[in-house]
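In what follows, chain A forms one complex with chain B and a second complex with chain C.
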Partner chain A sequence: MVVNFNYMNILINNSRCTRQIYATPPGDLAIWFFIFAELLAFGIFFVAYAFARAHNVALFDESQQHLNRTSGAINTLVLITGSYFMVRAVESIKQGYANQCARWIGAAIGFGALFLLIKSFEFYSKFSDGITLSTNTFYMFYLSLTIFHFMHVILGMVILVAVMIKAKQGGYSAENHTGVETGAAYWHMVDLLWIILFPLIYVIH
Partner chain B sequence: MNKLIRPSTLIWLVLMLLTVATYAIGEAGVGGTAMMLTVLGIAVLKVQMVANYFMELRHTRWLWRGIVLGWLVSVTGLIAIAYLTTIK
Partner chain C sequence: MQYKSQAVAKPYFIAAIGLFLGQILFGLIMGYQYVVGDFLFPAIPFNVARMVHTNLLIVWILFGFMGSAYYLIPEEAETELFSPKLAWLMFWVFLVAGALTIVGYLTVPYATLASMTGNDILATMGREFLEQPLPTKVGIVIVALVFLFNISMTVLKGRKTSISLVLLLGLWGLAIFFLFSFYNPSNLVLDKYFWWWTVHLWVEGVWELILGAMLAFVLIKITGVDREVIEKWLYIIIAMTLITGIIGTGHHYFWIGTPEYWQWFGSVFSALEPIPFFMMTVFAFNMVNRRRREHPNKVATLWALGTGVMSFLGAGVWGFLHTLAPVNFYTHGTQITAAHGHMAFYGAYVMVNLTMISYAMPMLRGRSANSRASQLMEMWAFWLMTISIVCITLFLTAAGILQIWLQRMGTSPMSFMDAQDQIRIFYWAREFAGLVFLVGLVLYIWSFFFKNSEAQAAG
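== the complex of A and B ==
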């Protein structure tokens, strides 16, 4: 056994791929409890949608036909790209490049704004057609889920603006950048939720 | 960095391609169990990529990845069950 352990240690020490395993996720631990609470809330909402549909398949499938799937797909690409920009922001600050980090955060905020713009056009089109929460059960779910998510995008952007301002002022460094990671974690959660919401509401029937 | 492509850039590209795949399946106009399972499967893969690579959970204890995976499997599993109950 001793020999085996030594052998393993040599393997681990020689491997260039080895990384430290952290006890907690990146960023402030508090944001992760917030994220898990959000996942739970949205998760219940997603499952409720699926079971509500099971009781009225024809209505849900017919109503889904009127959604703008192209706009939903473009918005998925927009959120994923915004998320990627936050990954780059974290990568930048880990190397000590605060200005570069702030620019990547700015790009992520810009893509958040683009998402809100596209989604607003979608809402405008639905509201112009006279669709409200009480039109039918499908639209009740579609509107409340996407508006609930919309508000999370806004909150994510507010957090990112605060982080970007601090980054610009030199508040983060290669050694101390928990704030950037905290903002990034929340921003990725907004993306992660949309990754399930889009196929669930717009595609699967 | 002497790699041809940044790992995060590669993940981003795969996520974009998987989104286009989901959209294409939607545009094909097909329905049914196979379509539902494929689209949900793609979503599971994408969520895992975002959680493990973008949110960097792959460098943390199994507990944290387990919470996200447990949530993901429960939610998508229940969605799949709800859809399967409608198949006659």
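== the complex of A and C ==
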């Protein structure tokens, strides 16, 4: 067991993996307040969804049938893959490979764009069917939650682009890469929200 | 005072306090009319007293914001104000326009005032808080633009700090959202819909940024805590404000003819609106506890802490009380709203202005703090005004609960006026608390006239 007091991290090595336990969360502390707020807002919306559904199970189940689960499932894989790329980006910069880090971030951004593309087709088909926020309570939740999430993917991509540019310019190093971790933390949150949102809205009935 | 041009803040602060006194006097008149309906009728009817009370509030808060910006921006930008002359000119323009408007309200029937001032060219009048005649509204836009030009140019030529950028963002937002006061669709639902873009997006949006910046500035000065720490808090607070406040506008869209989804949007997002206010409280106390210097201006610290606590209670807690759509179904437009309005405005925008004035005014008068006696008097004023606003809020909340019970619940609810008769006792109590508030305000003003022989020289 190695105790690294410099970074207030305790590195625990065991036979299978290397795990870091941080005294403070990775990345900038401010992003965690932000993430907490985001999770709270979505969390309340998820609870509200459950509450509304309990009052009108038949309507929710019927409307849910019309969602495109396949594209939702593909998008889940797309986001998880994007998250994996961000993990690789953080690993790269920890070893001091800035260019490699930037490339992994680029890949994560690309998968974010792919998510947006697939989601846009889904929205297009729903809007073509004349579905709006006022169609019924289920669609109100479906559209608001997925559109809010959609905007978070865009925001996440903006953050990642900024981090990627700085990484390319050599702004991060093995010792100093808080920005990469900050971007990664936000990107994982976007992924996490979808992992809850997808089964909740598309699948569970 | 580090820069000569900061001195222009002084007339703004003096005007603000003067108008504050006027606001309270009209509040007392109106509070008395709640129980003695024909008091001062027909000279000052209730609707006029109410209009003067609320309009003076807004105008003096704007004076306070502008004075604060003129004080704060040169110090943050580390340069003299772009044009102190322009600031002086706008001071007189705004004061005269404001005074003429109030005189208009008090001397001419509102409908006559409307026809005299070109309301038939562009109808903008007759809406709560935005009652100002067209020329006044245009005047506000001109004053705001010149003011923004002046401070933006100052920031551009000097040091750019997070505090000044957040303040600028808030002040630009203030000007931009005021433009919706010129948009007055004939459809009543659309009218209300966009009316809130001025009213809500001011007090639950961009004004919070101004509040955050002003509080952060004073806290840096009085605690000596590192700018980096304070700025990080500021960023988190404004992010939370915008996340919750913008879509939180939806909590005004219940039961007025807007689509049903606003009940969900409004409830969820506005339920989170107390968070930035709570963070502001934690922020203020945290910074004061971590202070690195003992600033001689104790009363400014008291105001800063008070702002944190009272804005959280008034805006956060009392807002949350009736923000959920199923609750608001019963409470909409009752005395609960009035209770919330009083404590939120006092706790957030009155107190932050008084914090700034309390910190800056001694500096503007050439000392880092007032004498002990003067500060002691101001502390009395703080407690009298704060405790009486708490009482006003509690009495109005009680009135609101009873009003809802009598007028909105049960199988045979009372009429509005019958219910009003039943809650008179609370209106009397509120009026008494209002008188105590006036005493507090008079002591506050008195504290400016103390001899300051033992005062400390400006640092």
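Of note:
As a convention for this text, the second predicted complex is superposed on the first by the 184 of 205 C-alpha atoms of A that agree within 3 Å, B and C clash if a C-alpha of one lies under 4 Å from a C-alpha of the other, contacts with A are read in each partner's own complex, and residues count from 1 in each chain.
FYI, a contact is a pair of C-beta atoms (placed from the backbone, for glycine too) under 8 Å apart; a residue touches a chain by one contact, two chains touch by 3 or more.
Please read all numbers here as calculations on a predicted model, not as lab measurements.
Partners chain B and chain C, brought together by superposition on chain A, fit side by side with no clash.
Comparing chain B with chain C, more residues of chain A are touched by B. Within the superposed three-chain model, A:170 lies out of touch with both chain B and chain C [touch as defined at top]. Residue contacts after overlaying the shared chain place A:96 against neither chain B nor chain C. Once chain A of one complex is fitted onto chain A of the other, the partner contacts of A:37 are limited to chain C, with no touch recorded for chain B. Once the two complexes are laid over each other on the shared chain, residue contacts for A:200 go to chain B alone; chain C is not touched.
Using the contact criterion defined above for the overlaid structures, shared-chain residue A:57 touches chain B, although it does not reach chain C. When the shared chain is aligned, chain B comes close enough to touch A:77, but chain C does not.
In the overlay built on the shared chain, the residue A:134 is in contact with chain C alone; chain B does not reach it.
Shortest separation of chain B and chain C in the overlay equals 15 Å (C-alpha atoms, whole Å). Shared contact residues of chain A with chain B and chain C: 40. Considering their complex, residues 29-30, 33-34, 37-38, 40-41, 44-45, 48, 52, 133-134, 137, 140-141, 144 of chain A touch chain C.
Note for the complex: chain C touches chain A at residues 232, 235-236, 239-240, 243-244, 259-261, 264-265, 267-269, 271-272, 275. Note for the complex: chain B touches chain A at residues 6, 8-9, 11-12, 15-16, 19-20, 22-23, 25-27, 31, 35-36, 39-40, 42-43, 46-47, 50-51, 53-57, 59-61, 64, 67-68, 71, 74-76, 78-79, 82-83, 85-86. Here chain A touches chain B in the complex through residues 19-26, 32, 36, 39-40, 43, 46-47, 50-51, 53-54, 57, 61, 69-70, 73, 76-77, 80-81, 83-84, 86-88, 90-91, 181, 184-185, 188-189, 191-192, 195-196, 198-200, 202-205, going by the rule given at the top.
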